[in-house]
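Multiple structures are listed underneath, in structure tokens.
After this come two complexes, each holding chain A, first together with chain B and then together with chain C.
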Partner chain A sequence: MSEKALSIENLTVTYGGITAVKNISLHIMPGEIVTLIGANGAGKSSTLKAIMRLAKSTGEIQALGQSVIGKETHEIARMGVALVPEGRAIFGNLSVRENLELGAYVKREAEGMKKRFGEVVELFPRLGERMSQNAGTLSGGEQQMLAIGRAMMAEPRILLLDEPSLGLAPKLVMEIFAAVRAIAKKGLTILLVEQNTRLALETAQRAYVLVSGEIALSGNAAELRHDPRVKDAYLGDSAHA
Partner chain B sequence: MQVFFQHLVYGLSSGSVYALIALGYTMVYGVLGLINFAHSEVFMMGAYAGLYCALGLGYQPDTPFPLVNALVVLLFAMMAAAALGVTIERLAYRPVRHAPRLTPLITAIGVSLLLQNLGILFFSATPKPFPRIVAETVFHVGGVVVTNVKLVIFGVSIALMLGLQWFVFRTWTGKAMRATSVNPAAARLMGVNVNRVIGSTFALGSALAAAGGILFGLDQTTVSPQMGVMIGLKAFVAAVLGGIGNIPGAVIGGIVIGLAEEFTSGYLSSEYRDAITFVILIAVLLFRPQGLLGVVRQEKV
Partner chain C sequence: MPALAKRVGIAVLIIGVLAGVGPLLESVLTEYAMRIIILCGISIILAVGLNLINGTTGQFSIGHAGFMAVGAYGTAYTVIMLEDHAGAFLSSLPEEVAHGGVLIAGLSVGALVAGVAGLLVGAPSLRLRGDYLAIVTLGFGEIIRLVFNNASALGGPTGYDGGRPAGLPAYTNFFWVYACAAAVIAVVASLTFSRFGRALSAIREDELAAEAMGIPTTRLKVTAFIISAMTAGVAGGLFAHLQSSIRPDDFKFDKSIDVIVMIIVGGLGSISGAALGAVVVVVALELLRDAQEYRLILYPLLLILLMILRPKGILGRHELSISYLRNLFSKKTATPPTTTEAP
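Then we have the complex of A and B:
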């Protein structure tokens, strides 16, 4: 019944006494880019962590027609869901090549390692020039490229991106987002968490706005871009008093 | 010069045994951040597994094919120790994995004491002669005494360390181990079953310790339930010296400790043989706490 690529029903995420996400529901259709935007501490990362079972939660989450509740993180990765976490979480003491290889861990017995390397290098030519470099010595932008490239090595069907623009210069942000669009063209389903609201709304088809753990607004990204509530709070277009 | 080379031969052979044991400490620390104090008892149990295997098969120094027999004993002990290591992790460490740091540490000390006492119960506290699987042959190389046993010890250790190197860098399980030791949460996201990787790490480290136990038995000719205490401590210092969590570091640390011990007892006094290890430990902790090859650990996500 679920032709949705990802569906979240009544998700609540709590840490000890703190409720980070309160009873939210959202879904993504196959091949769609959906963005989840919101201020610091709104619960964006917590939502992504709950999908990967890295955070305790209640409610139902289905990915690719299967419930992820009761599954372990590595099993969800094997289902075809890849998270590029906040802070990138690259393997710092390993080379760029080893990081990418580990990205293909779920595919370890399969053919086509070379082809996947080729696709990642096509997406991020800079990584190709730095295959033997220790990943910990990459610049922030290159680390983000590596984190996305590494996720792509698993040939996932759903890609979860947590603030890929964080801490990067505008030119690099453009490069990263160009890659995200190129990935979307391959037919992947993408959930993009961002604080760069303008860029996120330009890239995505639909958006959910998270405020203090609750979905305050949702809808077509192009329309939300012109919604006064979004403009005031997130785009900084309104005249400040 | 002759004396120097004589100490070198002895130091390299005892050092390679320390290195084999140190690898287990360092690998488990790498994936779990736990100092597995029970590792020294896995070494001891591995030696006894080899002892009973050799007795059971009736191996004597004059049994044909001594090297094949030694290999049979070695493999049996390694498998038995691997099973023991996996069991310890499963029953003792996994339930306390997410408890505050002190809990797993105390658990490890408890397991260590338990195994020592089980050793006394089943094998008796009296040291037992280790079966002479390989008859000793003595060579004189330019005045330096070398025995085939020392050569076997050195050769087997090198072969196992090269095997480990291959495993860790070339197999998917090895790569998963390295990934887990850098960042377990990220490894999970890559589809790595971290529990299974931890189990494999215990199996591998324990098997190497058992090999160390067999080689120690061949060299020292007796084994006892307390044999793990001092050797384990020295191997642990070797791991710290090399940089705990660092595999090549453990090998270098083991060799350095073996040589330091041998040269100290040769050129100073054999009374300082054990003390030098602790001098090294204190020096490392004071001047280079991350060890020779260690890096300051990066924060885990």
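Then we have the complex of A and C:
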């Protein structure tokens, strides 16, 4: 059995007195796309935050063979884990180019910069047309492209995506997910947190279903798509024909 | 290295021009006008330094006067100590060299102690996100003033004059103030337009995203804060040797607010804006002196008017440059092209 890219053992995340994630364990193999689905407040984003040490938690988290516990967020980024935050969190008053350059902050050497820019523009040609524009003036879809492109500038080995479809028109959602699949083809390990269950299950190889902070179901994404419990709760197939 | 040679050349040129312009201005202008010009220079140092932390990094510090005070006392004390203990050596040197050397040594110590104060204040409060820095720096400004008020070795509330009947030596002149201002602008500008400066802007825009991008946000914020405190220390030291004595009340809370007003007036996040704002505020406050008690009505009115007309300050986030001015004037004839550019 090959080394896991990411493994979480008995993770519990609490904010004040509220427990957002209760004792969950999950893992991702290298090159896999795994999705974490569930309703609002099920603990999906908290799990991502815990991986980046942006939320306090107990339990063990290992990324690329190293424990992240006790590390600072910027050190985890340096290990090759990139987060595309919920709500995009782009640097609005800086240009698209500056946003992308900052994405490559962990890459000190300048030689690879041009190549990395090329790869991001290939992924999102629209960003290429908007290089000197202020990021805050981009449309929602373009901002999401920028957020993903910025994360890719660090040439990460693990990409954590937090609700990339949030608030986007269907056509743009398809574009974003096409890009996610293209990124996966490069061999990146992807953990996708998504409320759009159907799309998430179509994109991922495996899935974990979170309900109130606990893993209710897990397994092959294609099989879960046809699981009656998932259909009832998240896909709404039986309620609306 | 041609880049280094160019920089040294520019530095020599600036020093030469300042050395020539200083005596020229002194011979033409009144002592009063000269003092205003020098105060403008000191304010430029304060504003450009504060802008690094408030404008570029987006961390709101309201205790700049406190660091100025630390620098002022540190500089004055060092100058007096040097002259008291190394007087024989100093008198063997030409007067200009001795005075300048002592002042530079004093300013270095002033900047250093202000930087240490910046580390002590910044390190704990910048670990946190949000408004904590504002609260802590507000407290620091008041505490440091009370400390000097009660430090009898430094004159307490009546002020520090080095124990001399003539007061502190008046070494601060046009040349030293503007040489320091040029040095501070050069340092702050080269930091702002570097990888470090861009990371600072990222912290201002979204601290969590910056951290997730691999930027060690706490370390960078503390570094920027210390540099900002050191520039305030230099300004304080220059201010000290402009006066015959320094009193704790010279560094009250409103002094901090004045500097904040300068950077907001000039355009938060712009170095040339900060410098311009400093000059505008100092000159405006002087011109309004004639209005006496109405000054406190007219000054806020002017600020309100400015915020209505130029909500982002005179320059906004732009830097004053030839291309910016050209854009400004061509705007009247044609709308600037939308910036779409191939990579």
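Going forward, the second predicted complex is superposed on the first by the 236 of 241 C-alpha atoms of A that agree within 3 Å, B and C clash if a C-alpha of one lies under 4 Å from a C-alpha of the other, contacts with A are read in each partner's own complex, and residues count from 1 in each chain.
Here is the rule we use: contacts are C-beta pairs under 8 Å (C-beta built on N, C-alpha and C of every residue); 3 or more make two chains touch, one makes a residue touch a chain.
Everything numeric in this text was worked out from a predicted model, so none of it was measured.
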item	value
Partners on chain A (chain B, chain C) - clash or fit	clash
Partner chain in contact with A:77 - chain B first, chain C second, else both or neither	both
Which superposed partner A:121 touches (first chain B, second chain C, both, neither)	second
Which of chain B and chain C A:166 touches, first, second, both or neither	neither
Which of chain B and chain C A:55 touches, first, second, both or neither	neither
Partner chain in contact with A:133 - chain B first, chain C second, else both or neither	second
Chain B versus chain C as contact partner of A:29, first or second or both or neither	neither
Overlapping contact positions on chain A, where the chain C interface meets the chain B interface	52, 54, 72-74, 77-78, 82-83, 85, 89-94, 98, 101-103, 105-106, 150, 154
Contact footprint of chain C on chain A as seen in their complex	52, 54, 72-74, 77-78, 82-83, 85, 89-94, 97-98, 101-103, 105-106, 117, 121, 128-133, 150, 154
Residues of chain A that touch chain B when the two form their complex	52, 54, 72-74, 77-78, 82-83, 85, 87, 89-94, 98, 101-103, 105-106, 108, 136, 150, 154
Sites on chain B touched by chain A in the complex	172, 175-176, 178-179, 182-183, 185-194, 295, 298, 301
Interface residues, chain C side, partner chain A - complex	195, 198-199, 201-202, 204-206, 208-217, 317, 339-343
